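Data first, discussion second: the structure below is written as structure tokens.
Labels run A, B and C following the written order; every chain starts at residue 1.
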Amino acid sequence: MTEWEAVIGLEVHCELRTATKLFCGCRNAFGDEPNTNVCPVCLGLPGSLPVLNAAAVEYAMRIGTALLCEIRPSVFHRKNYFYPDMPKDYQISQYDEPINVDGWLELPDGFRVRVVRAHLEEDTGKTSHMGGGGRIHDAAHALVDYNRAGVPLVEIVSAPDIRSAAQARAYAAELRAILVATGASDGRMEEGSMRVDANVSVRRVGDPGFGTRCEVKNLNSLRSLGRAIEYEIERQIALLEAGDTVLQQTRHWDEGKGQTVALRSKEEAFDYRYFPEPDLVPLAPDAAWQQRVAAALGPMPAERRRRIGTLFGDGAAEGARADQIATVTEQGLDGLVLAATDAGVDPGLALARTANEAAADAERARELSPDAYVALLKMEQAGALSSTQTKAVLAELLAEGGEPADIAKRKGFEALESDSLAGVVAEVVAACPDEWSRYAGGEDKLAQFFIGQVMKATQGKANGKAVVEELRRLRG
Amino acid sequence: MDDARRLTREDAAYVARLARLELTEEELDTYADQLAAVLEHAAQVAALDTGGVVPTAHPLPLENVLRPDEPRPSLDRDEVLAAAPAVEDRRFRVPRVLGESP
Amino acid sequence: MTTGAAGAWAGASAIATEVRSGGRSAASVVEEHLAAIAVLDGELHAFLTVLADQARADAAAVDAAVAAGEDPGPLAGVPVALKDNLCTRGVPTTCSSRILEHWRPPYDATVVGRLRAAGAVVVGKTNLDEFAMGSSTENSAFGPTRNPYDLARVPGGSSGGSAVAVAAGLAALALGSDTGGSIRQPASFCGVVGMKPTYGTVSRYGLVAFASSLDQIGPFARSVADAALLHDVVAGHDPMDSTSLDRPAPATAAAAAGEGVEGLRIGLLAEFVEDVDPSVAGAVRAGAEALAAAGASVEEVSVPQLHFGLPAYYLIAPAEASSNLARYDGVRYGLRVDAPDVEAMNRATREAGFGPEVKRRIMLGTYALSAGYYDAYYGQAQKVRTLIIAAFDDAYRRFDALIGATAPSTAFPIGAKVDDPLQMYLSDVCTIPSNLAGHPAMSVPFGADAGGLPIGVQVLAPALGEATMLRVAGALEVAAPALAAPALAAPGAGATR
């Protein structure tokens, strides 16, 4: 049996969240009435000229910095080809002198994928194929909307370092989190503000060369990305094992059929005739600008995960804890965890409460005042509230806001005075001498029994940990 | 550099396809000849020793020309579509597109 | 300097002065010029579109401003013609091509806006070689323009219509564009002043692009001072053009007013007098002598690298043009020839819409950029450009300005070169290097050949050296032999200066 290895590289086109287009002042907006955000420049009317958007450059630099790229002086090139959604029948892009090169991205499990380049280019208009079910092949004619033409894009190209569909998904997810963290993009695959194409080939394990690769397009979600790559890997292996060859082609993922399909391709490869864009001048962001960008950038997801991980000591976070850390970071709630631990809350408690309860209502949790959240967790930690009560207070805090202490009081979750708790524990101990002598003799698991009794006696107001502490104190 | 070989009729046909020009057989022959003559003349350039010379894309020493990310008025859609050869549903209408966008 | 005798053609400065002072109405000025156009342009065919109603309205507005005590601007009431590759909102801008025959831009070029703000009255759009590709205006899809000195001869190109409008007195000023000599060469053939400014000093926003790194907009006038006046109005930084210089354009009109050439070092370019017609060479040498007599030191200089300008240009310009003209695909505006699929529609539209010279240059440019040939052709040509700039820089260490012929001949007969593209291209040999370098250059009328056809002497200066260039041009103008008025010209022409 031949051992096969998949070799995968991803190209991600990310729309930037600028107010206006890359080369003109038309609004960069999704969903407006067709052809209302157009001007001589983005329509490519005779005589029009491009002028570069400073915010697009800023975002491109943020992305480059976040991906640990080197930011270089760059130029724009024209990529010449005809297509109805191309107002000038050339695209202004970057070719052999792009703004960002040689970076990398670390997946949550530590695996590194190199980023070859991340460059600026303009988006095309949108072509709708009419008649024949929306597919190109059967269409009768097409309609073009140029609202999207000229929207700024950063194209991020990875090295072919990825080896599985799962890794590809992890890369895309991590990249999306990074793009969102930089503020440069909202990373919505379903809306098209983040578009992923996969280059897939296979080779026998140990083979130093590369097999023929196919480009897979039309991946509208992480799930599609994973499924399409898995399908393509199997398709290519099957071909090669049958003695056939893999044809270099562009393939389209068909979600309904669960297959990649070859597109009707032209015989000639595209000759883009790249040459430097004469209507634009070179871009050379100085060191001061680069430093400002770096300074303004907050920590990236990997760094944020690491900061929470270090709360638990040297051991790398694994399993459930790693999942919790990933969840709170992805949901933008790691700040809450850190605020709590800074104030003295136990890391395990802070992480669990945030990953389980707060993350369930992440949008509201992100708006939560850290002070209120911390106060609540401290109440739980001090034994003033049970975990059940804490969850209830949190739910109301998220829904209505307010102060945890007030909410607790309103709900009747009164803090049980430590004196009165001691009193209740003493009463229960006295009422259960057999269990007490076993516990005092070392049967720690009987603590649960006593907790249950104390809860009954206090109608659930007691804090389990406080009870255990009291039991131990009594035991001596 | 490559020897600047004489432009053939096949070259002319390839170039015409790239440039979306539909030339007749006669035109292809005529253009191939004319272009070959011009290219031979231009080949003087190809023969120059330019080792170490940096190409000039621009006669100007400008760099970092940027504009602020502020909206400016767009064109009136009616005026835009009035110039269009064919319009449907507020969009530009074209005959069927055979290939995918590269 | 050149107002002429009473009743003769007034220059732009004189018109503006009179209109601003209320001494003359803009309305009367425009009527005079519209009348001349009506009488003469049937034969000359300088104009593709005459804007009679709009011009009258503009003139009336100028007069109203004057009556209200407002200053309408430095070009108040001056009739100006615009080359038909300059976008004028709502007015046909055809580039002399079938593919844009009925196109009306939804916006004005920046220079057009500046002209109007200065009080100028646009009388019409002028003929050119299609998409500015040519040296004779014979490549227009709508018929050639004729030289007013001899109707059987070309006016030069590509800005032939603008040159003729000024030469024949149909307008006081005109704007053209110059990519390889398209202002200077027709100026030379028609006996008027034509100037190409430093690249980046005049905004290209709204100029339909031919070769983006070479194109510049510039003035035609009947005097050096008037040319400088028009240049000053339209020049200056434009945020809509990334290649627009952000420093102020050099102040020019003041310098042109006659500082003289005392003490200037002027080089006579050997490459621009060898291989030209004897009458042209004679005029250039006479010009050199006149400059020396006026106090300049004049010395012959050889810059052999200039020979490579022509082949480099005929790789760079078509390459950029092939890309700039891709947008004419029948999708969004202009001509469409229908077909069952969009690719066929593109091809049929461009086949029908473009003339042979445009197709030829698109083919040449596409080839020069294509895979496998880029380094040898386009890439190499851009390096030659660097060599030419360096060669000019060397020359300008020894000289303040350079002079030579504008064109190797005087106006040739219509039809004489149309079938031999290479021959046509060779007539740009003296003008092309300035475009490649981005330097300013201009043509000043300096006598005529034995047949009475005008000859132009070219003045070249380093980047942003307009002031020096205009001093030399002004001195040449003063010394130039009188040039008879064209055979076909507006009434009252008299001598042009």
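In this section, a contact is a pair of C-beta atoms (placed from the backbone, for glycine too) under 8 Å apart; a residue touches a chain by one contact, two chains touch by 3 or more.
Just so we're clear, the structure is a prediction, and the values are computed from it rather than from any experiment.
Chain pair with the most C-beta contact pairs: B-C. Chain closest to the overall centre, judged by the mean of its C-alpha atoms against the mean of all protein C-alpha atoms: B.
Chain centres here are Cα means. That of subunit A falls 40 Å from that of subunit B.
Rounded to a whole number, the gap between the C-alpha centres of subunit B and subunit C is 24 angstrom.
Averaged C-alpha coordinates put the centre of subunit A at 57 Å from the centre of subunit C.
Residues of subunit C in contact with at least two other chains: 103, 106-107, 213, 239, 242-243, 326, 329, 331-333, 342-343, 346, 366, 370.
Multi-chain contact residues of subunit A (touching two or more other chains): 40, 43, 51-52, 82, 84, 142, 144, 271, 273, 278, 280-281. Each of the following residues of subunit B touches two or more other chains: 14, 18, 20, 57-58, 60, 62, 65, 67, 75, 80, 92, 94-99. Taken together, the subunit A residues at the contact with subunit B in this complex read 18-20, 24-27, 33-40, 43, 51-57, 73, 75, 81-85, 124, 127-130, 136, 139-146, 250, 252, 263-266, 268, 270-271, 273, 276, 278, 280-285.
Note for the complex: subunit B touches subunit C at residues 1-2, 4, 7, 11-12, 14-16, 18-23, 27, 31, 34-35, 37-39, 41-46, 48, 50, 53-60, 62, 65, 67, 75-76, 79-80, 83-86, 92, 94-99.
Across the complex, subunit A is touched by residues 85-87, 93, 95, 100, 103, 105-107, 109, 204-209, 211-213, 239-243, 319-320, 323, 326-327, 329, 331-333, 342-343, 346, 366, 369-371, 374, 378 of subunit C. Within the complex, the subunit A residues that touch subunit C are 40, 43-52, 78, 80, 82, 84, 87-90, 142, 144, 271, 273-275, 278-281. Remark: subunit C residues 103-104, 106-107, 199-200, 213, 239, 242-243, 245-246, 308, 310-312, 314-315, 322, 326, 329-336, 338-348, 350-351, 354, 359-360, 362-364, 366-367, 370, 372-373, 375-377, 379-387, 389, 421-422, 425, 436-439, 463 touch subunit B in the complex.
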